[in-house]
Amino acid sequence: EDTIKVGVLHSLSGTMAISETTLKDTVLMLVEEQNKKGGLLGKKLEPVVVDPASNWPLFAEKTRELLEKEQVDVIFGCWTSVSRKSVLPVIEELNGLMFYPVQYEGEESSRNVFYTGAAPNQQAIPAVDYLMNEVGVKRWVLAGTDYVYPRTTNKILESYLQSKGVKSEDILVNYTPFGHSDWQTIVSDIKGFGSAGKKTAVVSTVNGDANVPFYKELANQGISAEDIPVVAFSVGEEELSGFDTSPLVGHLAAWNYFQSADVEVNYDFIDKWHAYIGDEDRVTNDPMEATYIGFSMWSKAVEKAGSADVDKVRQAMYGMTVPNLTGGMAKMNENHHLSKPVLIGEIQEDGQFDIVWQTDGVVKGDAWTDFLPESKNLIADWTAPINCGNYNVVSKSCGSAVAAE
Amino acid sequence: MGPLTRLLLQDKQGRWLLTVIAVLAVVVPFCNLLFPPESVLHVSTYTMTLLGKYLCYALLAIAVDLIWGYCGILSLGHGAFFALGGYAMGMYLMRQIGDRGVYGNAELPDFMVFLNWQELPWYWLGFDSFAFAMLMVLLVPGTLAFVFGALAFRSRVSGVYLSIITQALTYALMLAFFRNDMGFGGNNGLTDFKDILGFSLQDDHTRAALFIASALALMLGYLISRWLVTSKLGRVLVAIRDSETRTRFLGYRVEHYKLFVFVVSAMLAGLAGALYVPQVGIINPGEFAPIFSIEIIIWVAVGGRGSLYGAVIGALLVNYAKTWFTGAFAELWLFLLGGLFVLTTLYLPRGVIGLWQPLQQRWSSYRHRRQIPAEYNGQEERA
Amino acid sequence: MSLAVKHIEQPSVLYMDGVSVSFDGFKALNSLSMCIEPGEMRAIIGPNGAGKTTMMDVITGKTRPDSGTILFNDQYDLTQHDEAEVANLGIGRKFQKPSVIESLTVFENLELSLQGGRSVWQALTHKLGKQQHQQLEEILTLIDLQDKQTLQAGSLSHGQKQWLEIGMLLGQKPQLLLIDEPAAGMTDEETMKTAELFRNLAQHHSLMVVEHDMDFIDALDCRVTVLHEGSVLAEGSLASVKANDKVIEVYLGR
Amino acid sequence: MRGVLGFLLCALFFSPALMTSESIASEPPAAAAADDDVALQGIVQQMAQSSFEEKITQVAEIASSSSAMKLSLLQWLTDNQLYLRKSDQQPFVITDFKAGASAHAPFSTEVVQLQGRRDKRQYSKIRVNNSVRAAIRSELALIHIRIGTAQQRSSAAQQLLKDHADIATNKIAQLLQQEKDPQVHEVLQLVLAMQQLESSEQAQRLQAIEALQRSLYPPVKVALLQHLKGLDPSDVRQTQEYQLTQKTLASIEQLNRLNGYAQDLYFGLSLGAVLLLAAIGLAITFGVMGVINMAHGEMIMLGAYTTYMVQQLLPDSIGVSLIVSIPAAFLVSGLVGVVMERSVIRHLYGRPLETLLATFGISLILQQAVRSIFGPLNREVATPEWMAGTFMLNPGLELTWNRLYIIIFSLLVLAMLALIVKRTLFGLQMRAVTMNRPMASSMGIKTGWVDALTFGLGSGIAGVAGVALSQLTNVGPNLGQAYIIDSFMVVVFGGVGNLWGTLVAAMSLGVANKLFEPLAGAVLAKILVLVFIILFIQKRPRGLFALKGRAVEG
Amino acid sequence: MLKVNHLNVAYGASQALYDVSMQAEIGKVTCVLGRNGVGKTTLMKALAGHLQPVNGQIRWRDQLLVGQSAAQRAKAGIAYVPQGRDIFAQLTVEENLQTAFSALPRGQRRIDPEVFALFPVLQQMLKRRGGDLSGGQQQQLAIARALLLRPKLLILDEPTEGIQPSIIKDIQAVIELLRDRGQMAIVLVEQYLEFAAELADDFIILERGRVVAEGPGHELKQSEQARTLLAI
């Protein structure tokens, strides 16, 4: 074969198309760019795009199609955790390689997946620290869509907040169904909760389609960021481009990248994106950066390994650094998670975020959180001698996953 | 085997269908296991699991056609029974993981560990037994169908009203299963299965066995359904479909008949779900989504409502089209699939199986017309 | 109270007392009382809208009366049973508007109507016996639809459907037959044939026949009840009711 | 219009009218000294480097300057429009980077034409965060309370309610004397009372508590709670004060509870209105025509996209564009509906179940078409000024304007439709045709024409619903999918073919949902509503307002 | 005048009318007779436009009807009272009558009180749904509805079915009246020989889809052929 095949596994239809289509385009852009540079190892890259259609079992099926039928060398894909969970057994069985570019709940490290989005300690915890220390928040609303990522994140946060002395009556947890569109009651509850005289903030893990009506309702009920700031982990530039942000100025998001990052690499990336997509109004966002980092790392690793073979590339990945888009370097750790900076941004009138705070250096992604009893003794390390995704540092044994190896 | 031969004797299409499935059940695993991947005769595991999935869908389609095609009950919530069967199987498979989960907890599935659950909820008890789980695969959907059907049919809820409450049922179940508090893994559902009856799910032999089981289940489901609809009961069902009131006045307890097929159909759907789960490797609340149940209806309609083999053909055709289109035309496939549906309704009002019926009809009308006085021969038919 | 009165009288197949039904305030049946004896054939006539069909609805469990008693064979309170139960007690009905199962064939329609085998289990294991085959043949001949027996009932003409429905009633062999306008859409000749058929049936069954065709009623040669505005206006032989001024005024015309 | 509505509502809830004359109290501008400007420019340039904490003190400096520019400067800062040119540190005001926009330097007369987004690289923004913005807001409040318009004074007064320590007591007294606006006056009085609550003299405190009686502004409750905590009930000297505070709080709580009920009702009705809007079109295409119209949601979506398109054409008049969108969306969706009917649906009459298959196909095609044309992302549809924000029925009950409009709008649409269906010959033909097509034709009705128009009408109304929904939710390719299930539920629950039933069903499901929600949470509330529907249908197997009698059974 | 020439009509593959020719003149009642299932209704449906013939011609006042929709025929003055009534079940009686407005010019859109004189029950039940009426009442409604079209050709398929004797007499009188006005052709399907014989100016008899006898009405009662054809 004279091409290296790159599988793209993002939903192009169904509920998740709204987020994932952009990532498909990002991968295609990066492939095109790489091919202009002559490809990899003298071979052209050949993208193979499939549509798992926001249907979780279909993700598994399409993964098998990509790996068995199309024989791709790497897959860039997935957004929701459930799609990743669905893909996982297949990719492990067939020893594939996947780059997963979205912030997620952690508690996972697969030998065959590199996680280039944020783990909870790279997003949630710093954001809460910021609100607690810089804004003086004393009362917390944890609002999320009812699924695993928000549930886990909120569990971690609850335990973290309690360890910081926040009383449970000062924490309000609220879950809503997917695609929830009537936010009147909840927003009004938030308003009520926030009028008790203590500085209150909302930590939002509301996902996808539910965000636009949520923010519209926030705006309409006049919840201003100065009174009750909302910090979101799933709302980026792309989500904001779907509605008028002028009444929402000052609400926050925590990410590892914002389009407003004032550095040359970022401006170059944005220009490239605009040229590729042919639309100056299109924004960039964090999962795009994560895809970018993943792709850069993978290409470098292929070059370094001299082969697209999964095991060789995997070995070449550890310790690999590539520039991120905010002016620093991203490093791939042995636990398959990145080290990256954490940024807090405030929403601007133009739908962009102003970076108002950032961590001093990079934060290393933690596969297993330290704030849950079951996982605080677990680590992931895919290099010898541990070679395990869930290594228990107390019992000094590998939980299970690799036992089969 | 007397009744069986009788069943098959009158059923030309059914004989064909069963033969094809039986051949598949033998050939596909054979080619998968015996020929090396390089061989042209090799059937990849991908193809085999895909076909296995289609077979499960086909069984589901039969279940739906049984109530819709023959009894006029348009269930827009049949995915619920499929999913419940799937969950029952999924629970068994979860229990089989044992301490091989990421947290290494032998008692609790991972998601429970990570939600800080201390012990297995009561409704998970027993699912480490395969036999018990298989019983539940039939009993859970069957019982739900029985309770729901008993209520609805006795109250004489019918037509779109019934359709909509079946939809409400599956929608409510979807929301409930999304809740992590329910103890079924929330949105992620159940996944990361390791083995079934001690055989690794990653092993091609196990997959082949599952494939054969699906084929057998489909054949069995077909025969059971065929038996039902060719018996007098089948005619009563059609009578109910046509005119429920009239059937009542003939002395038939319509609600009993409806309840009976509804429960049978739910159990078939549950069985389909149970076979589906180990092959696709995940069960999650998405299967409860109303849109999935609508899709099932679409398969049946495309194939040809009111004929069991039509339902099978519809399920295979639509799902194959979907697989093909989503792979080959990732960005256009909705146009193609949507177009397929529209064209089917316009040009194949009886579904795909209607394709050969016009041929047959043309033939018979040709014969018929020859009996008409000669001077009208060859004239255009305008009616 | 009426029950007490009743027991003094003769046994009856159908006993109605003080039955009333109203729709949005309109009294379709107004304290209707009537009694059919075993083996009796009764003709019911009355103006359009008198409540004849509604009366049958009430007897067969389709409509629940607002008040009143309806007893079958002096023992079953029909107001407590639904349509299927009433049918299984032994009451068959032919509708005013011909109603058959359109997508079943003529033969299958008749087959379903045959007595017995109403439960799910029986339906599942049912097979037509020789005797039943013969019975069906006879009915088909009688209703003159032999050559149409494999046609879907939906493609019959209006009159053919009427006949089929009569055939279904015969197959059902109920103790009491309620027949709503059987002669509508039949030729005069057929009408007479039907009348004769009913007279034969009356030897073993009880019948209640609604018609507007006076020749037909005449041919039935039985007691006639005239309904008007939901209650009995007159009762007696056809000759006597025909002579009744009120009947002439509201029904027959001058 | 909005004023009128507000007035009506206020009158309805026996609350004081909120609109009064817009008198502008102004004070003579301070003499502009060039020195001040130079100093200001210095501060601004410094700000680019300073931390947010430093910026807060710098804001105070700006506010204490006597330059005429300080107000504008503070405003630009809050609005994020202040930049420094990287090359020479010259401050610029930039509202937008799009090509053709201009940047002007407030401290010189320089105006620069911008070339486009790329120019962003040449300017660095003076960033403010929430704390800085809050500081600016407080400073502005102190200025506005003296010289602002009535509205500015009102919001400044409410700001002071939150930060009542910011202002000297004698100053409030002074302001109170000048203030003519009753509402601002009332709020200022509360501010005063809250300050007096901290007084060392008990008499004054008691007086303050009296003054705070029945005031529903949240800060009042907070202050009273705080006050209560500081009191010792076992101390005889404080018993009276303690009891009074407690009583006051109880009465506030009581009123708040009533407000809560009113609010839940309003939320329920507005959710009902959304359901109603989404369902009305379906009540025609499905309820009247019997087409199981799976593409109904996409008709709504087309309406929403039409709103977006119209807004692109009239970018400067959002309000007008929204009004124009209503007929436009009706036409667009209606036309698509007519085309759909003529090309596909008309072949399917008498085969209602197959309409499900065909319309499902059409729905897939329309979704993908929109995705291909407009992209997969949500589109931004702006909200006109008069629809944004809330109106205050009383200080504890603020309701959103947009919902009110949507409630009224949905009722209007329904009323209009009911008129057409019940009172016009077309409506009669519509119903006749769907009941018996051949016979309708024999009565001289052009059935094809009526079918097309009926379907067009249903689709058009769905489009109109899309206009309203564009104000509440995502305008994206999945918009329709989000509403199709609910729409069918509403139509069926109400009783197919019964518009009145659709109304009652929508409203009761909306209210039920909003009554369950505070008790059970959003997810369970939704489940409960579904279970409620299932059980209710057992009681009324043909919906809320079922047609009864032979007419439907035959 | 209505002229039917060599009409063949089929339901799918099964033919119901073979080479039927007939005519109906203005000012006359033409009766169509025959036993059950011989094709009377089929013929009426073809006239009304509910069925398109395989071939053959239908002319109304020298205009070719084949190919025209039922609505066009209604506007051309053809009114149809179908067998089985086919009233609009969920429309009120009044609305049922108002559907006729569709074929009328604006100025004529009102319900002729004559109709109520003929069928007083309809006036009493104006607000009741058509489907709730008794069978006979529905039949009256169907006739009334057709009359409101002010037809030039009135097609009646067994109009006396289910109607009480006194009203049958009234209907008979009306048909005579309409005929005697001389502005209308009337085609009447009737099984009730007495009724037919009294009204018929002309008649045809169908047998298995073919015209097997025809003639002037006065011959009907005496005709032996007619008697045998209508017997079993």
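We just call them A, B, C, D and E in the order they show up, numbering each chain from 1.
In the analysis below, contacts are C-beta pairs under 8 Å (C-beta built on N, C-alpha and C of every residue); 3 or more make two chains touch, one makes a residue touch a chain.
Everything numeric here is computed off the predicted structure, so don't read it as measured data.
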Quiz item: Common contacts of chain C and chain D?
Solution: B, E
Quiz item: Looking at D-E and B-D, which pair shares more C-beta contacts?
Solution: B-D
Quiz item: Measuring centre to centre with C-alpha atoms, which chain is farthest from chain E?
Solution: A
Quiz item: Among all chains, which one's averaged Cα position is nearest the averaged Cα position of every protein chain shown?
Solution: B
Exercise. Go ahead and note the Å separation of the Cα centroids belonging to chain B and chain D.
Key: 45
Exercise. Express in whole angstrom the distance between the two chain centres, defined as the mean CA positions of chain A and chain D.
Key: 30
Practice problem: Determine the centre-to-centre distance between chain A and chain B, using the mean Cα coordinates as centres, and give it in whole Å. | Solution: 36
Quiz item: What is the distance, in whole Å, between the centres of chain A and chain E, each centre taken as the mean of its C-alpha atoms?
Solution: 75
Exercise. Scan chain D for residues touching two or more other chains and write them down.
Key: 367-368, 371, 481, 523, 526, 549, 554
Quiz item: Mind pulling the chain C residues that touch 2 or more other chains?
Solution: 23, 97
Practice problem: Quick one: which residues in chain B touch 2 or more of the other chains? | Solution: 175, 178-179, 245, 331, 334
Exercise. Would you mind writing out the residues of chain C in touch with chain E in their complex?
Key: 23, 26, 46-50, 52-54, 96-97, 144, 155-160, 162-163, 181, 184-190, 193, 212-214, 250-254
Exercise. Within their complex, state which residues of chain A touch chain D.
Key: 12-15, 17-18, 21-22, 134-135, 146, 174-177, 179-182, 184-186, 188-189, 195-197, 209, 212-213, 216-217, 219-222, 225-226, 229, 238-239, 241-244, 247, 249-250, 262, 267, 271, 280, 346, 348-351, 354-356
Quiz prompt | Sites on chain B touched by chain C in the complex | solution = 228, 231-233, 235-236, 238-239, 241-243, 245-254, 256-257, 260
Quiz item: Given the complex with chain B, which residues does chain D contribute to the contact?
Solution: 292, 294, 344, 347-348, 351, 353-358, 360-365, 367-369, 371-372, 481, 485, 488-489, 492-493, 496, 523, 526-527, 530-531, 533-534, 537-539, 541-543, 553
Quiz prompt | Parts of chain D lying in touch with chain A, wherever the complex brings them together | solution = 52, 79-80, 96, 116-118, 120-121, 124-125, 127, 129-131, 133-134, 137, 218-219, 221-223, 225-226, 263-264, 267, 270-271, 274, 367-368, 371, 375-383, 388-390, 398, 400-403, 471-478, 481-482, 513-514, 517-518, 521-523, 526
